[in-house]
Amino acid sequence: MNKIHFDKDHAAWRVKLYHIIYGADTRLGKLFDVVLLILIVLSIILVMLESVSSYNIKFHDQFYIAEWIITIFFSIEYILRIITINKPKNYIFSFYGIVDLLSTIPSYIIFFVGGSNMFLAVRALRLLRVFRILKVTRYIGESQKLISALKNSRAKISIFLFAVLIICIITGTLMYLVEGPENGFTNIPLSIYWCIVTLTTVGFGDIHPLTPLGRFIASFIMIVGYGVIAVPTGIVGAEISKDMSKGDAIKPFTCVNCGEKEHKISSEFCHNCGKKLNEN
Amino acid sequence: MNKIHFDKDHAAWRVKLYHIIYGADTRLGKLFDVVLLILIVLSIILVMLESVSSYNIKFHDQFYIAEWIITIFFSIEYILRIITINKPKNYIFSFYGIVDLLSTIPSYIIFFVGGSNMFLAVRALRLLRVFRILKVTRYIGESQKLISALKNSRAKISIFLFAVLIICIITGTLMYLVEGPENGFTNIPLSIYWCIVTLTTVGFGDIHPLTPLGRFIASFIMIVGYGVIAVPTGIVGAEISKDMSKGDAIKPFTCVNCGEKEHKISSEFCHNCGKKLNEN
Amino acid sequence: MNKIHFDKDHAAWRVKLYHIIYGADTRLGKLFDVVLLILIVLSIILVMLESVSSYNIKFHDQFYIAEWIITIFFSIEYILRIITINKPKNYIFSFYGIVDLLSTIPSYIIFFVGGSNMFLAVRALRLLRVFRILKVTRYIGESQKLISALKNSRAKISIFLFAVLIICIITGTLMYLVEGPENGFTNIPLSIYWCIVTLTTVGFGDIHPLTPLGRFIASFIMIVGYGVIAVPTGIVGAEISKDMSKGDAIKPFTCVNCGEKEHKISSEFCHNCGKKLNEN
Amino acid sequence: MNKIHFDKDHAAWRVKLYHIIYGADTRLGKLFDVVLLILIVLSIILVMLESVSSYNIKFHDQFYIAEWIITIFFSIEYILRIITINKPKNYIFSFYGIVDLLSTIPSYIIFFVGGSNMFLAVRALRLLRVFRILKVTRYIGESQKLISALKNSRAKISIFLFAVLIICIITGTLMYLVEGPENGFTNIPLSIYWCIVTLTTVGFGDIHPLTPLGRFIASFIMIVGYGVIAVPTGIVGAEISKDMSKGDAIKPFTCVNCGEKEHKISSEFCHNCGKKLNEN
């Protein structure tokens, strides 16, 4: 607590810390990011290993100590992030701020209230912290392209998935009537579940048709599914293809003569008015 | 019944009702659509829950009452749709008219004749009613693009699926001869069913080859299937890609000089006759 | 035998029969094709039903009679095809000639030698006869486009499938060493079979890893397979896309001025020399 | 040993051998390649068959002899490769040099130390030798195109697979909490494994949800996976498509007037400066 006051009094120290925590362009800033990344990955592995009962019995104490070390580090990091930033609210209510908070609180609650299994899931939210590190990598440009391609085809994919769902509900009901509870199709929701498993070509095999008619309908569903899988692929593919050809062939440069904004990369003259294009 | 006569006598009332039921541009019309949508979804959930035997025993009476409330609402809606429209035949024999009728009749027959399981399936047809609501949404443009892409590639996909079917029949017979009834390939139709399950990469695992030769043939089928799945994807993808580039790059604008109708978005001059294109 | 001599003496009768059997432009020729198609489909259904033991016991005599009717019809058809054509060798050694012969001989051998199960498979070759009928349909243009797209990407798909096979052999051996015979991976060929089943996303589930390390490797294979499935799709898709844009956008019309052979569908003037394009 | 000295003294003999072993343009060079290919394939089949316990018991002695013949041939080949090349280090530390060494050493170690199962995997590395033969085939151009398409989309596919992995970790943890150890989801790593099996549409069926909520989440994962499978396909497809259209439509020809290097195949005039393009 003293430390916080100390930091606030010495703005230079606070600015320096700010650059280490939020920046990645100094040597210390990079080191901080790498240490944080390793701790995040370790904390996730820890959650996973704790769930394996044989390990949990053997290494219970070690897990407990490691859990607390990580929690305390994350808590300190969270407090430092708040005190070094100028407008703490911007951080606290941002996506990463909430994720950072959620990745520390469960451990405290388990400590005070007693271990509830439910907090395990919230602890898994720590993984979202990995995205923080990704921010600095060169992949972000790529991921934004992918996300924009997915966003552009959102409407088409929604209507497609909705159509798939309706097919599953109708054929699921049909399969329930044909196969019936005696062949494992106990009720309609279960039949619809089977239908989704089949149409998406997952095919667990826990439930499968046993009557000739049921198998005939299943064959029909599978062949349709095989032909239909092309649709989302085609949509996203076309979207990405368009993005690519746009990114490659077009340079965003405004012609001073006519105001035309998109030109081929190789163009020397404006394709609209014939004026020579000057980079400056 | 009185009400119907009453409506017919008062055309203004009928017109108003027509706009509420068939239209979606007034506040009441939108409310009607939303209430209808909720009831449709509820009626489908009801059919699903009724099929779960544990729920059906517990909540049998509640299900019975809910069933009748929905049936009566749908009946009233159906009658109102007929009496408010000018040419009732257009509605009655339309796709939606038949679906609307089929979603009310089964309940009455079950009531009078006694519960037959078969009507459950017809009740599932109610789901098709959901499409009615979709009509007003912005997704319709997208779905028409998808449907047109699928229509354009219908011939190619048909021949592809026919080829897949022939491969399945031939390899299915082969697997029957190689594996035989003692390994679960009881007869040729079942072997063909297994082949469809395998080629479409569903793979339930209820039947699977046990002899080395059978496994070798299965491996061959799977690798072929893996290479072949590309075909429908490629077809629809190319079709959607074509549609997209058409939609993007072409503006439907008629040149006043030569009547040319399709121009590139960026064109200032007609590519056909050289006349300047004016938006008005 | 008399009939054959009779036909040979009367060339007109032979020519007429030739047009009925080989042609599809006369009313009788079309009828012949339709009857043949129905018999082919019936003969295939017959082979399938015979393999279902419960049906075979019940309807053994009926199957026997139907088998002989179809065999005799196919034999007569085969003889007529030979005697009506000018160069019988062209037919006999063609793909369809061999298929036609193979679809009649097994029945005779079963009759004289006694029923061998092996002939069932050869009888399934009858299905290939279906292609004969397809010849006349409008789908052939489409199927040739598909076949040409597949042919063009043959080299790419071969090298891809070869790479998949090598991955399967290496990871199959790895899984054998990790899981071992005690977990169902009895030997390397079986492990490779499992690997193919997994990488192609079929996943029967008859064999599956049980050790943590085996499951980790399996996860790796599956994620790789998921990313790799894109390759054949991309290849064929690009090939079809290219074919489509070629077919749509280009008209094969030679400019009389400069000899340029490919023009955009919408072009009025040659894009090469500016000369007006005349359709005649 | 004598032979090596002999070779070194007679440079002509060494050059001749070099062309036979490393080259493929002479008759003997081709023969050497074919014999080597056959031996490589045989050695791999041998490793596979040895793993089948029933064969290993029956043909143990034959396998032992065949193993030694192949090992000795590979050893001689390895020594010859070293002594005929001018800079042996270039070969020894190249990819193929290491593979060649690894494919002979295990047999010797097994002979002297005693049979360890682990060497079986290293022996499988022999398969990598097949690539050596591929070098000379016409498919290499195609495979380089594929590899370059995969390389170009590496960043996009990495981020995609990373996103898939994160989805699997989060939903895997969720499924562990929902289904729990009593339904087969024993621990989080196993649940994540199940999630990967499901999302990649493999679906072994060894573990599958049993509670209604678990099945609902599984349905959601499967439908998402079905929509998401489009992404890698779209990426690679677009990449291949771009490569193809580049290869087709562009001729690499430098304009003598302005130095522009890429022209459309059909261009007669430079699109950059209007100068006529002369092939010479």
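The letters A, B, C and D name the chains in turn, as written, and every chain counts its residues from 1.
Here is the rule we go by: contacts are C-beta pairs under 8 Å (C-beta built on N, C-alpha and C of every residue); 3 or more make two chains touch, one makes a residue touch a chain.
For each chain, UniProt lists the protein as follows: A, B, C, D = Voltage-gated potassium channel.
These figures come from a predicted structure and were not determined experimentally.
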item	value
Furthest chain, CA centroid comparison against chain D	B
Over-half contact-pair match to A-D, picked out of the listed pairs A-C, B-D or A-B	A-B
Proportion of interface numbers common to chain C and chain D (over half same, under half different)	different
Inter-centroid spacing, chain C versus chain B (mean Cα positions, whole Å)	30
Euclidean distance of C-alpha centroids - chain A vs chain C, Å	43
Residues of chain C engaged with two or more neighbouring chains	160, 189, 192, 201-205, 229, 233-235, 237-239, 241
For the chain A and chain C complex, residues of the former touching the latter	201-205, 233, 237
Residues on chain B engaged by chain C in the complex (per definition of touch)	155-156, 158-160, 163, 166, 169-170, 173-174, 176-177, 181, 186-189, 192, 198, 201-205, 208, 212, 215-216, 218-219, 222-223, 225-227, 229-231, 233-235, 237-239, 241-242, 260, 262, 271-272
Chain A partner contacts - residues on chain B that touch it in the complex	44, 47-48, 51-53, 117-118, 120-121, 124-125, 127-128, 130, 138-139, 142-143, 145-146, 149-150, 157, 160-161, 164-165, 189-190, 192-193, 196-197, 199-206, 229, 232-241, 244-245, 248, 266, 268
